[in-house]
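Take this structure first; my questions come after.
As written, the chains take the letters A, B and C, and residue 1 is the first residue of each chain.
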Amino acid sequence: MARTGTQWRTRPNLPLTHYVDPRVYTDRSIFEEEREKILEKTWAIVCHESEAPNAYDFRRCQHMSGKELLVVRGKDMKIRVFYNQCPHRGNVLAYEPSGNARRITCIFHLWSFDTKGNCVEITREKEGFQDRLSRKDVGLREVRSETDMGGFVWVNVDDDCGPLDAFLGDSTEFLRGELTAAPLEIMCYHKAIVPTNYKLWHDTNRDLYHEFLHRQNRLIAMGQPGYLDRRYHLHVHGHVTADPSVNSYENIEKGSGVERRMGWPGGESALHKLCNLFPTVTYNMRPPALRIDTMVPLGPEETIVEFRGLGVKGDSPEERRERLRDYNSFWGPFGRNLPEDFIAIVGQSIGLNHGRGSPYILHGREEETPHSEVCIRHYFAEWSRMMGRTAADPFGELPAVAAE
Amino acid sequence: MSRNATEWRRRPTLAPTHYVDPRIYTDRALFEEEREKIFKKVWSVVCHESEAPNAGDYRRCRHMSGKELLVVRGVDMKIRAFYNHCSHRGNLLAMEPSGNARRITCMFHQWSYDTRGNCVAITRQKEGYQDRVSRKDMGLREVRTEVGLGGFVWVNVDDGCGPLEEFVGDSLDYLKEELSAKPLEIISYHKAVVNSNYKLWYDTNSELYHDFLHHHNRKIALIQPGYWDRRVHVHDHGHVSVDSMECRYDAYEGNDGRQRRLGWPGGEVACHKLIDLFPTMTFILRAPAFRLDTMVPLAPDKVAIEFRGFAVKGDSAEDRAARVRDHNSIWGPFGRNLPEDEIAIVGQMMAMKGGDDSAYVLHGREEPSIQNEIGMRHYYGEWSKWMERGASDPFGNRAIAAAE
Amino acid sequence: MTTTGTATREPRGEPTGSGFESLAEREKAVRELVARTCLTMDAYDFAGYLDLCHPDFRYTITTYSPELRKDITWLDHDFAGMETLLEVLPLHASDHFLRLVMSRHLGVYTVAYSENDTRAAVVSGLQVFNTARDGGVTELLAVAKYHDVVALEGGEAKLLVREVRLDTRMLGETGSLIPF
């Protein structure tokens, strides 16, 4: 039956873990709190080390907390990450997305820094500051960074955070073969600014129930034997992996009905592996290419999604072309998969209507198949833990309702 | 040395007057408070009298408080300023930026006003209002207006404010000759909406340490004899003036290699004089042209800057062409100076706004030269008075920390 | 110089007074010249741009200001002025050397030849776009018209006069060091 206004907004008859309040996707104060309690506290990928391959290369990145970062490879070939901000008057140091510089010099008053973040020159230092300010006190702000899990540069802006290892736990085991057999190399990059909440993108990346949306997936994956036998595996900190699916490319229509022969070092050629890392990172290993999604949430209803396609360092030109072709056919800006996902999450954002008059969002499927929504429930369990709020009742309204 | 989070957020060892909290540039509540306590209380220039040269001319302007104004030259040739706001249903009276009208008629229901702000026609008055509304009660809101030195139209939306003369004090004495020898005439107007805080533009206008940013200034100013001998002078109410210097056009490529002989009436041939007026204005005479900056702050991270260029009324055609050319070579929208300053303040905001985790911003240079940062310190001294908050500790955290 | 306005002669297969093989060749040279001024500037190839200009080149950027109710000139250079401007631009800090790439999109509207065949008056529509180096989002920076005079001498076309007549008067956040 169609529902009245009251019925529409009535809590589902499911456990609190099995649905969320729509305002977790739309509320400004919750978003600000997520920034403080989650985005500024956990590890996230900001780029791949092959984006700064040579000594003195730099890459300007944005951290999921919103902070401007500068990833720099030093003379010692070590990658360090700093705030992309001059300590003098707060200007950004690098305006360009990438470059190479022995010294990073602010354009404004020409203060200079070396690749370890030391301030090496204050313009007319003695004349203006006499002995009141010392170069050693005005170094760049260095943030915790580690290069791991396939050569990705991970950053945590909380100096007191635990090590990356502890954060990832055993969620990486699943891809260890593929990520360690040979070094990776970035082959394409694009980003999109999407008018939706970042968690909706992550939900979609986790949830395989929505494969019904994708013609491509229906053709190559869903009809395959064993498709429904796969299970989700839950890991620490809200991370989730899914058993690999076997993709059968001969089912794709016209022109691409050839079986892919090219695999990925350390992995099986037709196995599609998915690893979703709380709160904003997704690894999508679908030989012959790897896709990494990262996000910078800009507001409750605005998100930058960055897509990176990776091949294997040392690929022959033919191999690289094939990896790239496959990657782009699905996942490039002209691919057949991403735009479909985007319509869904943008549609959700429109439907949620800033949280006003929207029903609770269901994450309630339980089944021993990849269509179980345990993957999303696991995410929101971690979210609730870090936020100190229940996703199904973020404003603590439930006891009041019960008391009435 | 690069710094960790604690070191990055530590107060500089400088005196509290010598740095500011970055939140004065980014915080929304402080911005709203500035509007109430400063923009609605002090004098600022909204246009030049030559923008409404004839009886009945009007010019639509925006006051720094955000209010729409209508500057009108009456049949008595006197300049008056009103809210650009019909007394009937609140519609904007003038939609065009400028025009000429003996009567200002609202397009909506054709109520009319004369150039003194009297309501002179209420459409079908008797039929609709009988004797319940009188034209004499329906006049426009006139705001305190004075045409000051040089013909600039100053407005204060606070009826209880002191006179302009008291606000300006002796800060304009330095340009008195040049601004009174002959009337000025506007030659260029353009505006830019910049994603930055208005004070960052003012800072940049009032400190000359950033001359290092400008190729142009490095060439024609920094290496000139006398550059370092100039001093910054402070005046009441936060205003600042900077000693003149000889402007060497012949030292810069692209200026036909000739020193300018045209000069400016009442001033020396190659004078370059700068006056910054709290809170949003800058006067620059760089013979043979004069520039005025005014600002309408729109949000903590957004400001409309209006640029006006002036020549001398009665110029010969050749003189006028020379003034226009020199003005535009550095200060027009295709000039070589403004775009450089603007990228710096945009860069500051890019780095400051994401994540709310900037180091304190330094205004600490002390030197007996032009690169002393006393101009900015003087500004923030005045700002602190109006705001009743220290710029280096706007939220009183230091007192709390001391008490703990 | 007089131009024939709409009385443009049909291209014919015979030599022209300005030294071109045919009217079609002349027309092609004019259109290519105007297009190449955009291609060279888009490529920041300032020397290549100057090669397309006549020694008596005059370049202006103008607009009408409804605020002031009069015309404003924002750039005015002869060949030497343009040459020195383009020489020093790379020494400056500019968004267009850092964050943005400029791209000019052009449509030639009308070409009118002078009676003595040595001048062509060309009116074109121009849009200038900024594309962010990071991420690659494109935004419209300005719309304008080129009012050009092309000199046709010895079988060669050179840009003699360019007036960039702007519609847009707010030029992004930072104005533009680089002429259109």
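Methods note: a residue touches a chain if its C-beta (ideal position, glycine included) is under 8 Å from a C-beta of that chain, and two chains touch if they have at least 3 such contacts.
Treat the numbers as computed from the prediction; the structure is a model and nothing was measured.
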item	value
Chain whose Cα mean lies nearest the overall Cα mean	B
Greatest separation from chain C - chain, by CA centre	A
Computed distance of Cα centres, chain C from chain A, in Å	45
Centroid spacing, where centroids are CA-atom means, of chain B and chain C in whole angstrom	35
For chain C, residues contacting two or more additional chains	93, 95, 98-99
Per-residue multi-chain contacts in chain B, two or more chains	213, 343-344
Touching two or more other chains - residues of chain A	95, 107
Chain B partner contacts - residues on chain A that touch it in the complex	35, 40, 62-63, 65-68, 80, 82-93, 95, 107-110, 116-118, 123-124, 127-130, 132-133, 136-137, 139-142, 157-159
Residue numbers on chain B that touch chain C, as the complex places them	51, 59, 96-99, 186-195, 213-216, 253-256, 321, 324-325, 328, 332-336, 338-340, 342-344, 346
Touch list for chain C against partner chain B, complex	61, 65-69, 72-76, 80-81, 84-85, 87-88, 91-95, 98-99, 169-177, 179
Touching residues on chain A, where the partner in the complex is chain C	60, 95-97, 107, 190-191, 193
Touching residues (chain side chain C, partner chain A) in the complex	93, 95, 98-99, 133-137
